[in-house]
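Next come two complexes, and both contain subunit A; in the first it sits with subunit B, in the second with subunit C.
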Partner chain A sequence: MTDNRRLRTRWWGAQPIGGLFALPYFVFVLAIFAYPLGFAIYIAFHDYFFTAPGAEVERPFVGFDNFVTVLTDQRVLDAFRNTLVFLVINVPLTAVLALVLAAALNTGIRWVSAYRVAFYVPYLTASVSLVGVWMLLFSGNGLINTILGPLAPDPSWLVNSGLAMPMIALYVTWKQLGFYILLYLAALQNVPKELYESAETDGAGALSRFWNVTVPGVRSATTLVLILSIITGANLFTEPYLLTNGGGPDGASTTPVLLIYQLGIQQQNPDTAAAIGMILVILVGLLSLLANRATRER
Partner chain B sequence: MKKIRAAAVIGAVALVATGCSAGGGDAPGGAEGKGPIKVWLSNNEQEVAWGQAVVDAWNKEHPDEKVTAQEIPAGSSSEEAITAAITAGTAPCLVYNVAPAAVSGWVKQGGLVNLSTIDGGSDYITERGGDVDAYATDGDFYQLPWKSNPVMVMYNKTLFQAAGLDPENPQMNTYDAFLEGARAIVASGVQSAIWPAPTSEFYQPWFDFYPLYLAETDGTMLVEDGKATFDSDEGREVAEFWKTIYDEKLAPNEASTDDAMSAGTTAMQLAGPWAIPSYAETVDVGFMPVPTSDGRENPTTFADSKSVSMFTACENQGTAWEFLKFSTDEDNDGHLLELTGQMPMRTDLAGTYPDYFEANPNYVAFAEQVEATADVPSIPNSVEAWQAFRDGYSSAVIFGKTSIDDFLSSTAKKIDELVVE
Partner chain C sequence: MMTTRRRRLPRIVSTILLTIAAIAFAFPFYFMVVGAFQESPTNSPSSLIPTSGWTIGNFAAIDSRIDLVGSLVNSLIFTAGVLLGTVVFGLLAGYAMARLDFRGRGVIWVLMLLVQMVPFQLLMIPLYVQITRNYGLGDSYLGMILPFLINTTAVFIFTQFFKALPVEIFEAARIDGAGEIRLLTSVAIPLIRPVLVTVVLVTFIGPWNEFLWPFLITKDASLQPLAVSLANYISNVAQSTANPNGAILAGATALAFPVVVLFIVFQRFFTATDLGAAVKG
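This part shows the complex of A and B:
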């Protein structure tokens, strides 16, 4: 007995070999996540640019200068506003649609597997190929406008500053749906059948059962879905870049990550890019915290 | 138990050891070093063929100084691949696809070798290229201006004929004539008259605004003597011209989902001689100079040139310099011309290779144009400046959200601040 306690209180634990085996992954996490994150924070507070190894340059500490530059740039503010528009449309739509579809799939309808595959395929397909299809549908001379004829919006969907970001939000919702449906399907398996039966005996209709049994029953999955879709939405790059020619009509679908790419990689200003990145991380953290609070058990 | 534990410890340590490879780049090499070198070529099929032939010829004569050629690693643009390579210390000795606009950024990074410090460096560059001072950074050459693709208006002869325009001599050198021709093309059923990419990359102005601006001002670059030049009557005229094209829907403000010229959804495109072999099989193309407001003779256009630079990561810079001179001598420049149709930037092109131009009359227009080209200005923060220009142009001209006067004055101010450094 005393031996065991003594073993456990050693600082390297009872089985140091475990630590040794975990070491490679730990090194990986340090190298790929922790070090670049720390370095990015360092870059954001200095006048920094990348140089060839061996080149000697000055990299003075500039305090909050980069942040001030970034927050007074209209393009950056527009990008954050665009992200907000995206999140307001995408996140609730994703959560609601995914839950409704998962509940529908769970009722034991025919061809369940076919539906599941149909929902999951867009999630698996690379955005680059799907975007081609959407552009064929929604471009100025695409299928949708040809069908709508005179009802087609002018300017067309993807070059309309009011419609560009909502279109991207719809596209991403559709694309990601499969993954969230699977999450909800798994969570739904854990809702006890007795609850449904007792609700039915109490005279609750299908809608009432859904609202009072299903929704509270998958609360933890809802938190996960909200947080994941907020994080994915805030880091959006591929879709605006491909669907709206990198920024859309007068920056109407520019996202912060697109600006980070332009500033950090194309224009060799990693200091301002890192500043945008840090602001983005803080905002996403705050939003995720809010989402967590909102779905907490009361 | 003890044996198993010992084996486990050895296994774990081995895993950790292989996981942590000893890093450390090599220190930048010597300027006199001779030995094997690596060079990068662009992804253009014909250029790769040319490059491989030059490398093979060199390797036969220099078995101790072998050259290995490869295409630039894939990336959204070659500039990004090269910037990443400089930062990582893995850049090759020479890159045969250096965009002059990116040079100032790479010099700042400490990635390029100053060719003027090499014995006879500046002389070789100016003897071959003539008046190339515009390509110097802070008075020294960090690039050798290699080849140019003068931008002209490529047009589809079949679609022009169908629209009632003369396919051999369209007479569209003034803005008015050009607009009339464009209207006729769209009226005849083609989706668009011309389709420059309306996307927001920093280099897009080089294929819509800039060639016409150079023509209108007879060669004034975007920035000269540290000041933006386009907030002027000429800048306004060019911007108004393009705005008319977008307003009248003669060009779409959405990117094409495929190659518009091959698909027949446009009748014109701004392009260089690289387009001739590209469209040889699919479209019957002709070329005319870019329009100006008054239709003057021999308008200046954008050179769309590419240079060759040597990188500080190179260990054997002596060999690299010798190979650079070899690949840009009269013979190999001639081979470049034959294989790719792109114009080497050397003086008196038509005189040096008369046989080629006799055999290929559709390149003659470009050879004549080569004498009247101008390039991007060598300024600090070049990419940022062009991005700022593109953002303003996009807002005012392509999408009509701001007025042209606002765009010209505010963008000029922004660029003035950027290039002051």
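This part shows the complex of A and C:
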């Protein structure tokens, strides 16, 4: 009897009711992550199309056909190139501005919490709201162009194919910066004070202390900031959809996720759309590894 | 003398830098809120501080096109559903992961880590097929809520904080004969109440601001949350309206207001480490 119970405990654990507690979450993860993930891979390697519910149709395995279709499609290549433009502007700008502002907040100035609120509120606010505001500010006869007068770009910011993607990059930098400032601010608390003091005794000026103590001291936070901003940049949808009116002008700000929506759902080609998704995830993974390596301690 | 100067200068430079940045950050909000209450929001710098022309007509104008109140209610239902799922199932799962020894715990832990790495964008197409076509949940609150029902970051946070509680409390309660449900509701949860507030706040922001998913699965305007109906107004309706700017700013203000108020009131509960991935859903 006791032997039996011990055996049962060994197999099910001391509190098997825990399995029941965790069951809803387990089912959720299987249904919302594991199954769709497998399904995404299945779709990408098959000639998959939408059918009326219940209809039995053949969806043959097509190997890498969808990937070939995608990688020879100029729109797709453009979308990835646009993402690259975005990352080149957004990632360095985000890392530099966030660290500089966090270091400035950390110098013991007054009203730190007021500044923090100002920086943080855009991060918390819905992108749809803020995109609406930016659209008005940067429209053809908007406030920014009125101030610039004859210096205003023509065509205006959001409808200029050379400026549309940089504008999105700038917008996202502004919107997300508060979060990265807080990350750096937390990391700065872990930089030993003695390092600053000894640098000061050695006669290092403020700039030199920033470069030689602060920047190396927050290296691991920098890795995180780079990876998170790469992921954010790869997943843009709301901004090109709304701010530049569906990736305009003429596809100049189309992003992979916007294409996934346009190809997969609007034009009903889920197979090629799923292939774009997989390529995107692989590229993001590679870029993140690269960022991790570049910021690693030597 | 030398050292005080060396310390003061960076502080002055910092203050100037931060003030410029803070103005750049706050200005669009100023523009949004003032414009929302102006008869015709200005495009000229000389009238940025308006003295007249105040109105609440913009809210009526946007309400006549997208049913502002109905959209806010939809946002609230979507958000409340996610909150309920995350708090109920998240607390149960977090408690089990931290405090109970059962078969399969290791598997769930690995799954939790994997979930954090799968981007929603990869799942977008299969989830869309699954939820609208297989389950027939397109244009329903349930379909909107389902992919966000249990926030994995919240489960993580709950697990970590339940783990940090002293083991003696649980042993004593178990000896007294308390069941695990009772232990959870009357011992463990009250002890992590501040964290619960943080998790609720952070979880609130995700679905409230979410655009892509509800946009994909709601075609019926009467079910759309405000983020979706405002986006539709901006991209479709506004072009055919004579003076849409005030209405856009009014809608933007209505969508932003609840989150900004929550943040300012509960500021001390927002910390960087907890916020991260949670907001990204």
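Operating definition for what follows: the second predicted complex is superposed on the first by the 268 of 298 C-alpha atoms of A that agree within 3 Å, B and C clash if a C-alpha of one lies under 4 Å from a C-alpha of the other, contacts with A are read in each partner's own complex, and residues count from 1 in each chain.
Methods note: contacts are C-beta pairs under 8 Å (C-beta built on N, C-alpha and C of every residue); 3 or more make two chains touch, one makes a residue touch a chain.
Predicted model, so just to flag it, every value in this text is computed and none were measured.
Contacts of A:Gly251 after superposition on the shared chain: subunit B is touched, whereas subunit C is not.
With both structures placed on the common chain, the touch criterion links A:Phe21 to subunit B and to subunit C. In the superposed model, A:Ile265 makes contact with both subunit B and subunit C.
Residue contacts after overlaying the shared chain place A:Leu289 against neither subunit B nor subunit C.
By the document's definition of touching, neither partner reaches A:Val96: not subunit B, not subunit C. In the superposition on chain A, A:Glu200 makes contact with subunit C only, not with subunit B.
In the overlay built on the shared chain, the residue A:Asn141 is in contact with subunit B and with subunit C.
Looking at the shared chain after the overlay, A:Leu130 reaches subunit C, while subunit B stays out of its contact range. Of the two partner chains placed around the shared chain by superposition, neither subunit B nor subunit C is touched by A:Val68.
Touched residues of subunit A were counted for both subunit B and subunit C, and C has more of them.
Shared interface residues of subunit A (contacting subunit B in one complex, subunit C in the other): 17, 21, 24, 28, 50, 53, 132, 135-136, 141, 245-246, 265. Partner subunit B is touched in their complex by these residues of subunit A: 17, 20-21, 23-24, 27-28, 49-55, 57, 75, 132, 135-136, 139-141, 155-156, 158-159, 161, 245-247, 249-251, 262, 265-269. On the side of subunit C, the complex with subunit A involves touching residues 3, 6, 9-11, 13-15, 17-18, 21-22, 24-26, 28-29, 31-32, 35, 41-45, 89-90, 92-93, 95-97, 99-105, 108, 111-112, 114-115, 118-130, 133, 136, 146-147, 149-150, 152, 155, 180, 205, 208-209, 211-212, 216, 227-228, 230-231, 234-235, 245, 248-249, 251-253, 255-256, 259-260, 263-264, 267, 270-273, 275-276, 279-280. Taken together, the subunit A residues at the contact with subunit C in this complex read 11-19, 21-22, 24-26, 28-29, 32-37, 39-40, 43, 50, 53, 97, 100-101, 103-105, 107-110, 113-115, 117-137, 141-143, 146-147, 174, 177-179, 182-183, 185-186, 200, 205-206, 228, 231-232, 234-235, 237-238, 241-242, 245-246, 256-257, 260-261, 264-265, 270, 273-274, 277-278, 280-281, 284. Here subunit B touches subunit A in the complex through residues 5, 8-9, 12-13, 15-16, 19-20, 25, 27-28, 77, 79-80, 83, 86-89, 91, 105, 108-111, 191, 197-202, 252-255, 257, 311-313, 381, 383-384, 387, 391, 394-395, 398-399, 401-402, going by the rule given at the top.
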